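In what follows, chain A forms one complex with chain B and a second complex with chain C.
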Partner chain A sequence: MRLAEPADDLTPQSGGTLVRRLESDVVTLNPVLATSTYDRQVDNYLFTPMVYFDQNLRCIPALAEKWDISADGKIYTFRLNKNATFSDGTRVLPSDVIFTLKKIVDPEMEAAQIADGFEELDLANTRVVDDRTVAVAFKKALASQLIRFNNVLVVPEHVYGKGNFKTDFTSRAVGSGPYRLVRRVPGQEILLQLRSDYWGPKPYLQNVLFKVIIDATTAWNALKHNDIDETMISSDVWLRESRRPELVKTVDFLRFYTLNYNYVAWNERNPLFADKRVRRALGMCIDLPSIINNMYHGTARAMNGPFTPDEWAYNPAVPVLPFDPVGAKRLLNDAGWFDSKNTGVLERDGKPFKFDMYVFAGGATSLTFAQLLQEELKKIGVVMNVVTLEPALMFQRVLAGNYESAYIGWNLDPDPDQYVVFDSKSFPPRGQNVVFYSNPVADQLIEAGRAELDPSKRVKIYQQLNEVLAEDQPYTWTIQVSVKWAVSKRVKGVKIGRGWGLFTWYPGEFDWWIPRDQRIHDRPALAQVPGTKR
Partner chain B sequence: MSASQSMAALTWSRFCRSRLATAALVYVVVVALVAAIAPLIANERGVVPFDPNATDLAHRLEPPDSQHHLGTDDLGRDLLSRMIHGARVSLAIGLTATLISLIVGSFLGALAGYYGGIVDWLVSRLIEIVLCFPFLFLVLGIVALFRPSLWTIMIALGLTSWTTEARFIRGEFLRIREMEFAQAARASGARDARIIFRHLLPNAVAPVLVSASFGVANAILTESALSFLGLGVAVPTASWGSILSIAEQYIDFAWWLVLFPGLAIFTTVAAFNVIGDRFRDALDPRSE
Partner chain C sequence: MHAYIVRRLLYAVITFFGITVVTFALIHAVPGDPITFYIGTHGQNVSRPALEAIRHEYHLDDPLPKQYLYWLSGAVRLDFGRSTIDRRPVVERIGEKLPNTFELNFIAFLIAALIGLPAGLWSATRSGRPLERSSAVFFFLLYSLPAFWVALLLMQYFAVRHDLLPLFGMASDQAGAMSMPQRLLDHVRHLILPVVTLTYAQIAIFARFSKSALTEVIRQDFITTARAKGAGESAVLWRHAFRNALIPLVTLLGLVIPSLISGSVIVETIFQWDGIGRLYFDSILARDYPTVLGLTVATALVTLFASLLADILYAVADPRIRLGEGGR
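Entry: the complex of A and B
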């Protein structure tokens, strides 16, 4: 007999292998070029951002242990953690930070997702202060600037500065995160291993294996068969499975809201949707309460504008658009649309009210939603064609403003700045005002909101903006669906971050652990030399 | 065997000797009839009292009961009504696509077989080019390029599956173009078009009809596959494949969404295959 630590469910034990589901393979492991949330899910283990978000999405130290913001809000001085090293053993230097920022704003790199937050970066005045301090300068003070540094996953210049930055690092990674890359098999799996020389507080898990499982049903079955430890699940699976006694014994069912919402985008370049009465009328044909109750079993909530109830910018006094087809028809009549020829289809100047709505192919809930709207609109004399498009193609068309209407969603930043999506200076292709919404009042509020550094004044500005946008209905905001997750009960330490869910806040996934006697995914080969066949 | 019996009558009597094939034929006829009168029997006031597109979220994903005999789908639409209307779409696609491939295939095959030489060379290379591409990917490509609709799918299927027909017809033409009746037609001064379409084609078409019945089955299956991949007929139109594609994510608890459309596709495709098989045997003089 050997002595052992007392085993219990409260004291985290180091070691073990976690198997995570990756809904879609990463496009690249280069964190500067990351485009999807899946990329970030993996990058978070391999790289460290300048600042982490805590459970409430406040900025806390990460690579930077301290920072100062100059009085005019234009200079951010970061002091790096002196112990911070990359996985090749070299120290993280201020020059690496500047190198990473340069790559982010380099238009040739097309780091679109991250570059948006650094449009005002002033590279000429950004400089190394001493061997662990860097001063980052901006041309304009923005209230949302600090949180953007959560997207700055610093890469070492001496590695990423050589070769082709765009193509050489899709399956290679050298970062300052707690894990290092053991192997990536594109389309199949990514294996990470805890760094023995990690400079920060060490996470508990020895290995993290990402398995690419695109299909939701397959993933849910894989979880039930213990092939994976966690997966997102659909509302229907949640309703039918989360109360089954034999599953509740082995699976934790978690539910939470994240920062995202769904909406219908009405392209205002199309004469049909230029009139806000028309947009409002179409939105009034969506029976949100019925959708929430019947499709999501009450696990979704109606949106009144671009802010979720979890955000401080949210204005609870703004009403949600009611379901009122009769009122909708009246509004359309006011806007000049009548069924003058008794064909059952509304017309104006001899033209029938007819349009296309794009939805994602394969997105079953989008298709369901679109068909419900289609059926309601048919009753009031509006013909809506549902066109399913492959996701990449749909993104491309919508982001180029090349569509009539579309049912899509946004994942939101923790900051409520709406410049990129609703300001009239953000029309595609430069910005993401994909509906071509333009209202001087809204523009003024948006610009005041991002420049205002006083939090209490910002709240007022955004609440007012919420009202203006709800009145203009550039989108028909629909619902925010709560995310449902299934995590194996073997995994301990799982916590939910406000608005961010299970991952990519701190400590988040770094707090997860698996008791020694429940490590079913450990295989001897994993501990051996990287690249050994299992 | 009486000499007065025509080829068609002979084939028919041979065909009917197989009970399975007869049953399959009856089944297909019944399905086709139901499909033809779908709007009459499945609407708010019909025998099946539900509009195929009428949504009812409060009753979504309900198992079969006395009201909804085959249950409801994810939008609360009556599955039976959608199955009946779906038969229309699936059969229409199967038959029209096959007709298109028959026309294109026969025409090109006839040209190649009759004229030979450079025409034959061109048609044969064209066949090879089309065959180079995997069938489903070619169809996917065409459908994705244009808008997925009933007609796009029919045409895409028709324009990608004519190669079999073309090769059959070409082979037959090579065989019969030098036979006496063809030479007689030529000697009497008939124009090429008349010889091809009046004299040769009717004598070459029988084996092609066999492949056509397999073609219908194939087209129904391909439409299902396209719908399953989200490139089928536009919503809310029901086809068996589109019903099945919705079923995929509810497979764990909505068996009726999988079983009924699956069964419909399976039985119809099997029936067409049995018919084609028997038809081939019946046409074969050596089978006596």
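Entry: the complex of A and C
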């Protein structure tokens, strides 16, 4: 017997197995080709990006321990951590960084998710400076460039340079992250193990087991049954179960906002929505306070523009569009819409105010939202038809600009650049300005925001853009719905990162630990499961 | 008999090509393609050149007939291309999930038949009596219970509340350390809830179907004749009636076999049983053309095989069918 420190809940203890839920199986373990958040959540254990985000969305050292940006903003010189090694024991070299960048920008590699952030990469002038320094060159200075390096999860050239890059690494991984891949059983599970030779500060957990559980109810039952340690939960479960005394004893219920918002897109190519007074009026018929309280039980918040309150670009002085049907009707009158024939429907030049709104089929809250708006609009003489569409069809119509109005959402980039969604040079099919919004003032601010390298000046530009967009109402921004999570109380050290939630910021999931006496998933058997190849 | 089978086979081949053309046309006629789905689900910043490369790789920039020929030339070599979702070969993706779905559905089928058929025969002999009447009501009730609801109740009761059976999946995390018999037992325990969910409605189908087939036969003259010449009740039932009731049952078999591999989206999703149903569903949503076509071909082949088998069994069970063909 040996003396040991008394165990407590405050000092992290190394070891143990965490069982996480994957809502959908990963598509590939090749980080360059990653397409989903699930891919990224697993990759984050296996690979190290050039830079991490901290709890407040700022860039901090990861593979690169320091960096310099040239005065013209075109050369990024990274010094790599000298201890950094891949899981096969080899050192991470500057040439591996260049290899990874080459794969990212090669259109044939189809890295559709990451390549966009490196469109201006100047490969000819990108070079190895010395055995731990790499200089990455760009043709154009972009303010958002540094954060794109958070997507550069470096892969070793001597492994990934052989064989078929696109297909040989879906279930294999050699990276410089704290964990190595033990096995992946497609459609079922992924087991990771802490590297004994990890070069950075070691996370506490010895094993991380991802179990694919698609069905939300099954996942919630699995958490209660102690089969898994964490899962996202629905607003419904949150409302019904998060205050039940027997559950509160064993489960932590967490709620936070991530980078996304919902909005109504008004297609300005349609003469109905070309006038900003009309867009504003229609938006003023959305009863956001009651939607937030009744549909989301207060677990959502209203948006005033394209930036969430968690982003530095957010301008708190811009008001949320008020719910004001009377004012809306007045605005429509100003724009020339009157109920001239006493039919209860507004008309202009003999044409009734009538349009279709597309909503996703299967999304119960979208449909309720649209029906509430439909009711309000009917009261002021506007006829709105709700059309439910299957997702692929909805995407096709909206992305082609082939719709009248639509209720959709965006997942946002951590950088506030609005070029692809609101610049007049980003009309479909070139970009995602699906509302065909065009305002020279906005264009100029968008361009200036992209190019400005001084962070404090950039804040001012985006706050101004926030005002302009709120005034023009190219979208009616509605709400941001909070994400709800249930984590077993056995797991300690869980923190919420701004805009990011529980995972993929630093230290994030690497700070999680499980006290020695509560490790119910630790069984020697984890090492091998029948029918799997190592 | 041979000519009969050859003719049936020929029909099957023609039908098969018809199915591929129709499926191909249908999936492409549905609006949206893998690319639009990709942009829609992946937010604002996607790289256009990379998407164009994907379009080119999957020949989505070619005219439809050409795309079909590309696909067909691969398909005849059993190369169904790679999934647009994860780029893995379609054959591999299907092969991975097929055994899981087959196992689950085959066991459910066997149990349903073993319970349903005798129950049907029993009802046929007691047709119209109060107990039989109430059993019919019971079977209809069983048939109309929605699977997702039954599955959740089973989970709640047997797994969450009483911890008698595993909640989901196909094996326990610690299965690797078990001996072979333990591992088998562990797997069987995982099978129970999904099998029950799949079986209860099928039992009702089998019971009602076999009951009506047998009742039909029992009413006929030759059964009366058999009874009149003094044959015992069990001899009448088994030797005379049941054999003749087999023909409609063969039809049922032809309908059930394809479902052995097509899987169930609901059961596979709720119990996280990694099978074909879920694969089909996800592929259609993502417009993963190669996988959808690969699965359709697989299902079509099994369906055709099953109906061919049913045709042949008819001929075996009822000589008039093959004689009628031969006599032409």
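The working rule: the second predicted complex is superposed on the first by the 419 of 534 C-alpha atoms of A that agree within 3 Å, B and C clash if a C-alpha of one lies under 4 Å from a C-alpha of the other, contacts with A are read in each partner's own complex, and residues count from 1 in each chain.
Convention: contacts are C-beta pairs under 8 Å (C-beta built on N, C-alpha and C of every residue); 3 or more make two chains touch, one makes a residue touch a chain.
Values in this document were obtained by computation on a predicted structure and should not be read as measured data.
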Identify the partner contact of A:T217: answer first if only chain B is touched, second if only chain C is, both if each is, neither if none is. both
Mind telling me which of the two, chain B or chain C, contacts the most residues of chain A? C
Let me test your reading of the model: by the given contact rule, A:S234 touches which partner, first (chain B), second (chain C), both or neither? first
Is A:Q444 touching the first partner chain B, the second partner chain C, both, or neither of them? neither
Between chain B (first) and chain C (second), which does A:Q464 come into contact with in this model arrangement: first, second, both, or neither? neither
Quick one: classify A:S424 as touching chain B (first), chain C (second), both or neither. neither
Does the superposition put A:N294 against chain B (first), chain C (second), both, or neither? first
Have a look at where A:Q371 lands relative to chain B and chain C in the superposition and call it first, second, both or neither. first
Quick one: classify A:V387 as touching chain B (first), chain C (second), both or neither. first
Set intersection of chain A contacts, chain C complex versus chain B complex: 217, 390
Which residues, counting only chain A, touch chain C once they are in their complex? 19, 27-28, 35-36, 107-117, 119, 166-167, 170, 186-188, 209, 211-215, 217-218, 221-222, 224-225, 227, 390-400, 410-413, 420-421, 430, 432, 521, 523-530
Going by the contact rule set out above, which residues of chain B touch chain A in the complex? 53-55, 57-58, 60-61, 74-76, 144, 147-148, 229-231, 234-236, 246, 248-253
What residues on chain A touch chain B, complex-wise? 216-217, 220, 234, 236-237, 240-241, 287, 290-291, 293-295, 361-362, 364, 367-368, 370-372, 374-375, 385-388, 390
As the complex stands, chain C meets chain A at residues 30-33, 36-54, 57, 82, 85-88, 96-97, 152, 155-156, 159-160, 163, 167-171, 173-178, 183, 269-272, 274, 278, 285-287
